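Some structures are shown below for you to check.
Next come two complexes built around chain A: one with chain B, the other with chain C.
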Partner chain A sequence: MRFWGLRVGMLIALLLAVSMFTFGAMNLLGDPLFNILGPVAGDTENPENLAKIEAAKEQFYLDRPLPERYVRWLGDFVTGDFGVRFSASGQPPVSEVIKERLPRTLALSGMAMTFTLAIGIPWGVWSGSTSKKGLDRLSTGVAFFLVSIPNFALGVVLLYAVGFRLGWMPVRFDAGDPFWQRMHQLVLPALTLALGGAAVYQRLLRTDMITTLQEDFILMARAKGLSRRHILFRHALRPSLFSVVTLFGINAGAVFGGALIVELIFGIPGIGSLFVESIFREDFPVVLALVMILTAGFVVMNFVVDVLYSIIDPRVRQ
Partner chain B sequence: MTGRQAPLLSVRDLKVVFPTPIGMVHAVDGVSFDLEAGQSMGIVGESGSGKTVTAKTLMNLLPSYALVDGSVNFDGRDLRALAAERKTEKHLWGVEISMVFQDPMTSLNPVKKVGEQIAESVRYHLGQTRTAARRQAGDLLEQVGIPEPGRRLDEYPHQLSGGLRQRVVIAAALACEPRILIADEPTTSLDVTVQKHILDLLDDLRTARGMAMILVTHDLGVVKGRTDEVMVMYAGRTMEEASTEAVFSQQGHPYTEALIETIPKINSASHTRLVPIPGQPPVTTSPPTGCPFADRCRYATDLCVAQGPPLTALGNGHHVACHTPVRTPAAETALAANAARGHTATGLEIHQSGVPIGAVTGGLGEQT
Partner chain C sequence: MKLTAEPPMDESSGAVKARRLGPGFWLPMGWIFLIVGVALLAPVLPLKDPTDYFIRPGERPPYPPSADHWFGTDQDARDMFSRIISGARVSLAVGFMTVTMSFIVGGTLGMVAGLVRGWFDRLASFLFLVVLSFPGIVLVILIIALIDRSVLTISVVLAIGGIAPVGRLARAATLSFAEREFVIAARTLGARNSRILFRELLPNVVIPMGALVLLGVAAAILAEGGLAFLGLSIEKGETWGKLIRNGSGSRVLRDSPWVAFGPITVMFLTLASINYIGDYLRDFFNVRETGLGQ
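The block that comes next holds the complex of A and B.
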């Protein structure tokens, strides 16, 4: 119970700190009035425009001091109201925009993480235990290649080869609903996101497997007459997973970052593209909401990692 | 051995060679022995004598690059042929022959409950259900003398002491009722106070189950009074083979004699120096033409250097590989001659009394 209390307390403290920081930073960034009103915002000579400016300032609380605006935003945020967009109409509200776009990014990231593990772990187990030196060297080469090439290059090549040439996968993301029936459209983008990570996991797991396989308890498992597969997956894998699990938590942020580019390449209207647009349009409420979501996501992922640690190694449980 | 049924385990001219950067290391160099059902046997030798490699060969645990020659027969089955096509003989290692390892701190999987580690082979080999295997694991824990077995089943290795862990290792090795148990230095890494308990336990379990046991150790004191037979190994070869009693009362090999001298005696005066064996065991990249022990032997003659002594029968199953077996006229003559010239045929300096100089100034014995 105390454990959970501490976790939730940490999440709240972190969200507060990040939101304050972001709120302050964005106000240094520029004047959102231009995006709300257009060129009119600079024209304070004309009384008609001045009135418009004053009205907009009041509508978006831009005439209030920063702390007050922050507290007002926070009050709305905790009730689930993410506020209105900084645009002439303020429509649709931020929560609507996010509700539409977030599931796509979540599905993409989730699928990418699954692929990363599903490819990286068996690959690492195999290369850490094989006695075929030549094949292992080849796989090392492939891994370094995958780690080195940037996401966009891999994405474009996959798009061209699998999408255009082979025609196995749709080339463009079709945003029509119901979206959950279109999950297969995410396979290529998720693979683009996953391959680099899978190669990194393979490198880490390979090294740890080689170390684990020299342990005495592996010799004892062999003396029990267990099959190779049984020894690799039931005895050697779990004690070798620490680096992979650690990276899995840290990598969560990188997956979101990568999703941003991959969404652009494959034309997926997710939060990645929304993020970029909003920063350039100084649409602060949207940026703030996204930052909050990413922070929460990151904390939750690392909480999952801590739970995974204790599952993997009983010595961590106290 | 004649007139009786075929032995349970029969090893003939076993040779194991490891290719290494410094050359071919002959870890085991022509070892033969038999083990009857229910019999216990000690394999004794220093580090690098080939005793552990012999045990690993029996368990099919050698690395794939090891070169093995000779035959290993278990109950009419050729173990080396089975090892080569291991898929067909899934239920032999860990079932009929199993092994207890040296260090219980590292030989249990740190992330698995001890109950699982014991029940594992029962489920894997005998196809028992989870509950049946768990019940059996509990019984085994009780048999190896672990209090509150029901609670211990769900504990992890790090929650147990070294002695308890070794009991768990033993329980896991016994899970499938093996006919041969190989114990490789089972007490070396344990507290002295716990060592006797574990050795007694192994003895009791062996008698109760009628299984055969091979006790591998560097310490002759461990096999004393416990095993039926002892095989003394040096540089991958058998130096002496005899009933345990004969090894202590009428040992024939100078190496065995030297090993016995290294055992601290309870009735010696305090601060008596331990008697080390001078020199180091050879690294056998090229098998010596003569006796491998000659360099460290106070009896060494020119014949010992020129020609390796074959394993010769002395009667009553007592075999010795030595040109000048201890307590024979040949040995007396050789020792007297060496003492007279101050050194042996290999140049080992010795006192007039026949004690090698290195035995006084040299380092301690092995620290495995």
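The block that comes next holds the complex of A and C.
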């Protein structure tokens, strides 16, 4: 119990540190007032503009000291209110913008992770148990290709080959609602994200499989007359689950990070494009909220993987 | 490539492994030498100016590959071949600078932590843990957005992300050597920590780390490419990532795929060679514990 307490404490401390760093950096290095009012912000001579500046300062709490603003922001943030955008109207609120964009990125990442498992595990099990040398060599070559090609390059290749040449998949994301009716548009980008990870699973599982299949309990299972599929997926795959979980944890972070980039190739208006847009517009409340959400997601994911570890292998807790 | 599996023992590695680097090593190595050599020599090679516009009257660029333009031209009729080479200069520079910095800082931290142990070790390990539990891409985007987008800044920021895995490996390698007889012997002879660190441990730790240098270069080149797609890569000049992005717009990609596929091919061959050599060296030196290039 103490172990988990410590872990959760560290998790929260890390998030707090990140939020302080980001909040401080954005406010010290940028000029929020300028983002809200534009060129007017520099004009303190004109009384009319000065009044605007004062009003904006009050509205966005910019006249308060930084620590106070931080605490205020933090209080709002944990209750789900991400504040207002740094623009003249402050509309729409940051939470609304994120609510619109986040589901697309999550759907893409989720689909990509499903594909990764659905492709990688059977592929690894097959290549670890096949006796066809030629095919195995081919699959190892393909895996090496997929591991080495950057996901954005793979995205461009797939977009060209499957999207334009074959014409099997839509090439642009049509952002209509409800978006889940348009999930098929996410197949190609999800595949882009999934193939590299699937190749890594394949490499790992193949090695594990070859070792496991030489164990006595496999011989035993075979002697009992169990079917090939039963031996492979029930008996041989099980001992490899530990590495699969490890891999899943690492891969989940990579998929989510990759999603930000792949979204831009396929023109999906998700978190990635929002992040970039807000950075270039110096819309700091949006950037801040995104940094926190991404970090929290990543950290929590790591935590879940650790919990899963200790369920599979209780020795980890010591 | 943290989870790259070692080849299973029942296959090629066999019972007696020849301690020689075969053609599987020298072929990709040749490509690396070629690309690095061309990148270094680009100013003196008879190449077209990568920023020149080779517009042919009556034809709309991009022009397909021809004897004149081996890789074709881009939308502005600039020669792709020389642009890819000019991109190689920046991309490789980012790769090497990033690795140099992360290895100097991470390696020193990790080795000192492994040697002196105690509070310094706990602090360094905690630091590595914190860096690793933070999504790298977010940190990189944030810092770059706030400061500037020069080659140096981007390399430094990418290097920060590399400190933790490098440091962990250096620490683990140092730990495994720190209790060995030759270190104890040196200590008994009255050697100071600094001498043990540089003369006894460093030569041993450098070998497993060496295999990771290449993978670090690959990771940095890859990261730069990702940043380019976010529009956050180096502002001035060309990089492979920027070239690919430039060719990946719907219309260009559909009608003139060579604009994207030239840099993709070169980048892929380079990354694949680096990965292959890295895997090869790692098997060769039997380095197990790594965390680089995720």
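Operating definition for what follows: the second predicted complex is superposed on the first by the 268 of 318 C-alpha atoms of A that agree within 3 Å, B and C clash if a C-alpha of one lies under 4 Å from a C-alpha of the other, contacts with A are read in each partner's own complex, and residues count from 1 in each chain.
Keep this in mind: contacts are C-beta pairs under 8 Å (C-beta built on N, C-alpha and C of every residue); 3 or more make two chains touch, one makes a residue touch a chain.
All of these numbers come straight from a predicted model, not from anything done at the bench.
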Task: Clash or fit, chain B versus chain C on superposed chain A - done: fit
- [ ] Classify the contacts of A:L247 with the two partner chains as first (chain B alone), second (chain C alone), both, or neither.
- [x] second
Open item on the list: By the touch definition at the top of the document, which applies to A:R182: first (chain B), second (chain C), both, or neither?
Closed with: neither
TODO: Give one of first, second, both or neither to describe whether A:R69 is in contact with chain B, with chain C, with both, or with none.
DONE: neither
Open item on the list: Quick check on the superposed pair: does A:F152 touch chain B, chain C, both, or neither? Answer first, second, both or neither.
Closed with: second
Task: Residue contacts on chain A - larger count, chain B or chain C - done: C
Task: Touched partner set for A:R7, first chain B, second chain C, both or neither - done: neither
Open item on the list: In the combined three-chain superposition, what is the angle centred on chain A between chain B and chain C, taking C-alpha centres, to the nearest 10 degrees?
Closed with: 80
- [ ] Look at A:G225 in the shared chain and tell me whether it touches chain B only, chain C only, both, or neither; answer first, second, both or neither.
- [x] first
- [ ] Give one of first, second, both or neither to describe whether A:T295 is in contact with chain B, with chain C, with both, or with none.
- [x] second
Open item on the list: Just to be sure I read the superposition right, which of the two partners does A:K57 touch: chain B = first, chain C = second, or both, or neither?
Closed with: neither
TODO: Minimum C-alpha distance between chain B and chain C after superposition, to be given in whole Å.
DONE: 9
Task: Common interface positions of chain A, toward chain B and toward chain C - done: none
- [ ] Would you pull the chain B residues touching chain A in the complex into a rising list?
- [x] 59-61, 64, 90-95, 98-99, 101, 103, 106-113, 120-121, 124-125, 156, 158, 169, 172-173
Task: Of all residues in chain A, those that touch chain C in their complex - done: 14, 18, 22, 25-26, 29-30, 144-145, 147-153, 155-157, 159-160, 164, 171-172, 200, 203-204, 206-208, 210-211, 214, 243, 246-247, 250, 253-254, 256-258, 260-261, 264-265, 272, 275-276, 279-280, 287, 291, 294-295, 298-299, 302
Open item on the list: List the residues on chain C that touch chain A in their complex, please.
Closed with: 1-8, 10-11, 130, 133-138, 141-142, 145-147, 222, 225-226, 229-232, 241, 244-245, 247-248, 250, 253-254, 257, 260-261, 264, 267-268, 271-272, 275-276, 294
- [ ] Using the touch definition up top, name the residues of chain A that touch chain B in the complex.
- [x] 131, 215-217, 219-227, 230, 235, 238-239, 312-315
